[in-house]
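Note that chain A is present in both complexes that follow, paired respectively with chain B and with chain C.
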Partner chain A sequence: MQILLNGIIVGGIYALIALGFNLIFSSTRFFHVLYGVLALLGAYFTYTFMEYGWNFFAAIPVAALLASLLGVASWQFLYKPLVDRKASSLVLMVTSFGALIVVQNLIALIWKNNTKSISITDTIKPAYEFLGLNITFNQLVILAVSIVLMVLLELFLKKTKYGLAIRAIGDNAELTTVLGLHTNRITLLVFFIGTFLSAVSASLIALEIGARPTHGLHYFFLKAVIASIIGGIGSMRGALIGGLLLGVVENIGIYYLGGSWQEVVAFSLLTLFLLFKPQGLVNQMQLAK
Partner chain B sequence: MDFILQVLIIIGIHSILTMSLNYVAGFTGLMSINHAAFYGMGAYATAILSTQYDWNFFLTIPVGIVIAGIVAWLVSFPMLKMKEDSFVLVSLGFAIIMFNIMQNWTDLTKGPLGIKGVQAPMLGDFSFFAKPLFLVLVIVAAALTYWFLNRILKTPYGTILKGARENETVARVNGHNVVSYQRSAFVVGAIFAAIAGAFIASFISFVNPKAFELIISVYLLIMIILGGMASLPGSILGAFIMLTSLEVLRFAGVSAEWQQILYGFILIVIMFFRPQGILGKYKI
Partner chain C sequence: MNNKLLNVTNLDVHFGPTQVIHNVDYHVNEGEILILMGPNGAGKTVLLKSTFGLFEKSTGTVEFDGKVIHPHPSSMVEAGMSFVGQGKRVFPSLTIEENLRMGAYLWSDKKMIQARTEELIQFFPVLKKKFKQIAYYMSGGEQQILALARGLMMNPKLLLLDEPSIGLAPKIVQSVFEKIAEINKTFGTSIVVVEHNLKSLLNIAHRGYILAEGKMLMEGPVEKLADSKNLEKVFFGEIA
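Then we have the complex of A and B:
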């Protein structure tokens, strides 16, 4: 049970990262590899603000805001010129990869290569006991913030006209342009929300594992991709389920095999899905043959 | 002089890698970012057999080839279920799994410590330890790779490979099993990567997982995109430009981070202005 709980808590974060990723993917239809490292940048911003004595809960939104502005800039100045030239999605992805290498190394230059850890309080609080399960204060914060953000995102997408427009672009971008919507403005909004979600989740997970320059690609981006593919890419519900499943399976794997095999467990899960259910749990878009 | 020979040997080994990666990525259209994984398998096969069982270098090459070939064949089943972009991601995942295995399977690979003292190639009593001799050996291997891949691509089989890259549906309508063509190309690419691995293990006489990391695969991809997609001479040119510039930058004391930042920029600039690379024939 304890493993299950830990898995669900980490899974909630994965789900949040995957949601932001899916949001961007479903409206632009290419793999935004830079996403992971922008999320990581958010965690580093949080770290820096806290070094200046900010409160954790004050640092997170400001840091995420900064990261999201960079996300918006990446669309406007990096991808949009290429999309205007009718570049293929592969070109966009390779460009994104190039940008990832640049940002990741800038992070390494600025913050050095060692792990930076973030903690909310100076002292380690004892774990709470709840129905015989232990839950730490950090985990409680992670759980609460991810639930709140997910509910907000769901309400935003379902109840507001912007949410409707975002979903419309995901379905058919050309048609929405014909209908007179400002497609580019909505895409910018998507990049903003997506990066914001990922930056918040990166700061939260930094409570548990710290932040390193390589986490951008090896951790945030890959978790987002695996969770999305397992859940069914392009589907919000799928990202949620995929993230939770990945978190639980990984934690079971760590328990039995040890932490160094975590990535292998995650990719084996992905391989199983590719072999037997390539369209994911919630089928929305056909990615696989 | 010694230094120039060393750079030339490294360029030669990398041309084997870039040509075989171009065969997979440029000609067949499978943008794989796991070439370094197969490269690593070849290197580890040579390193382990040569240090622990005292095998001759030339006998270790076939072992590496068989291992890389079988692994490539097996993993191609889940991987080829994915199309273009998603394939890139899955191959990236495979690269990370392989790196983790090299790092964590310490009984076999000695983990992050690496394996020291890999022997130089020997034919009878004749050793290729001296750098000029080793260079000759590498050039022969690279030339054979070029000849072999060029030869395959001129056959009807090669035409179908390129045809399937351009339009999969048409190839399938014409009765070709596209996935099995792609699978065979993927395996051939892995085999040549393993050969290159054997050479690097013997030349540096040391292997560790860091040499086969994800970023190495990315470098290889930058080399072939820079040199030109679907062009074998382009691959050699790409390896030459990248590796000489790397040595020059290192000589000038530029840190590894700035080198990588530069390569990231190069990649973005190519994508903006010439997505097919210098000598490329195929626009991704």
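Then we have the complex of A and C:
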């Protein structure tokens, strides 16, 4: 049970990252690799604000806001000019990858290569006990923030006009243009929300594992991709389920095999899915065809 | 009656170095159903799309409802034009209700949208029974009806239909065309239809044009165009 709980908590963050990634993927249909490092940048901003004495809960939203603006800028100034020239999704992915390397190295230049850790309080609080399960204060914060953001996202997508437009673009982008929507504004909004979610999750993860320049690609981007593929790429519910499943399976793996096997477990899960259920658990993409 | 609702003059369209529409003029009168005919590759769809702004025209003017407009989908929709394309017609993961709401995205008055939705599901009873279901589960014919209804949400003055019969069973095609005629009568909407399923349309269209290789060949009442000699000439390439 304790493993399951830990898995769900980590899985909640993975789900958040995957949700943001999926949101962007389903409206633009390319692999936004830069996503990972923008998320990481969010964590570094949080770290920096806290160095200046800010409270963790004040630093997180401001840091995520800054990262989101960069995400928006990446669409407007990096991808959109290419999309306007009818670049393929492969070109966009390579561009994105190049940008990732630049930003990753900028991070290393500014914040150096060592791990920066973030903690909410100066003293380590004892874990709470709840129905025989241990949960630390950090974990509680992670859980609460993930749940709140997911509920907000769900409400936004289901209940608002912009949410409707975002879902519509994911379904059939061409048709939204025909209906007179300014699709670029909606895409900008998607990049804002997606990056915001990822930056918040990155700051939350930094509570547990700290932040390093390479986390962008190796951690955030890959987790987002794996969780998305498991869940069914293009599907919001799929990203949620995929993230949770990835978290739980990873934690079971860590418990029985040891922490160094975490990546092996994650990629084995991905391989299994690609072999036997490549469309993912919730196959939205086929639905869209 | 014979007021020109849409008047397109001297339209040229290029795809890269290739010219696909050559100096085409056409117009739509208020309240009529106009059919654009021609063999495959004649440029019917391109003509329709560049009128709506989905393709950029090279030269030519588009005058709609008394005003010259530079075609762009959002300005065309605002001006009262609506386009229903071929192929993927609906948002499959949205419900029918949401699909309809997307058709009136530029409206912000919820009551107006609500009232119009009610009106349209009265008009298209098929949509009523699956109202809260996602459009993915609809048949091709039902999806086409939904696309038509969505196109009518903002009560447009002019509806552009690109091959509404494509991919539908012959029996359903007939009922879709009947609906199109009914839309014209009930709402007074002018309609342009691009179609090569000619026979079923001849009964409902008022006037038509024949296009071949990007040039306008013939204009007139449908009876004249449907004259088998004229059609034969075009489709077997004698005139072009």
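Just so we're on the same page, the second predicted complex is superposed on the first by the 285 of 289 C-alpha atoms of A that agree within 3 Å, B and C clash if a C-alpha of one lies under 4 Å from a C-alpha of the other, contacts with A are read in each partner's own complex, and residues count from 1 in each chain.
In the analysis below, a residue touches a chain if its C-beta (ideal position, glycine included) is under 8 Å from a C-beta of that chain, and two chains touch if they have at least 3 such contacts.
Since this is a predicted model, take the numbers as computed values, not measurements.
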Chain B versus chain C as contact partner of A:Ala108, first or second or both or neither: first
Which superposed partner A:Lys161 touches (first chain B, second chain C, both, neither): second
Which of chain B and chain C A:Gly180 touches, first, second, both or neither: second
First, second, both or neither for A:Asp171, with chain B first and chain C second: second
Residue contacts on chain A - larger count, chain B or chain C: B
Partner chain in contact with A:Val94 - chain B first, chain C second, else both or neither: first
Touching partner for A:Ile3 - first (chain B), second (chain C), both, neither: neither
Touched partner set for A:Ile229, first chain B, second chain C, both or neither: first
Touching partner for A:Phe267 - first (chain B), second (chain C), both, neither: first
Doubly contacted chain A residues - partners chain C and chain B: 287-288
List of chain B residues in touch with chain A within their complex: 31, 77-79, 81-86, 88-90, 92-94, 96-97, 100-101, 103-104, 179, 214-215, 218, 221, 225, 255, 257-258, 260-261, 263-268, 271-272, 275, 284
Residue ranges of chain A touching chain B (in the complex, touch as defined): 30-31, 78, 81-82, 87-91, 93-95, 97-102, 104-106, 108-109, 217-218, 222, 225-226, 229, 260-261, 263-264, 267-268, 270-271, 274-275, 278, 287-289
Chain C - residues contacting chain A, complex: 52, 54, 73-74, 76-78, 83, 85, 88-94, 98, 101-103, 105-106, 108, 136, 150
Contact set on chain A toward chain C in their complex: 161, 164-165, 167-168, 170-172, 174-182, 284, 287-288
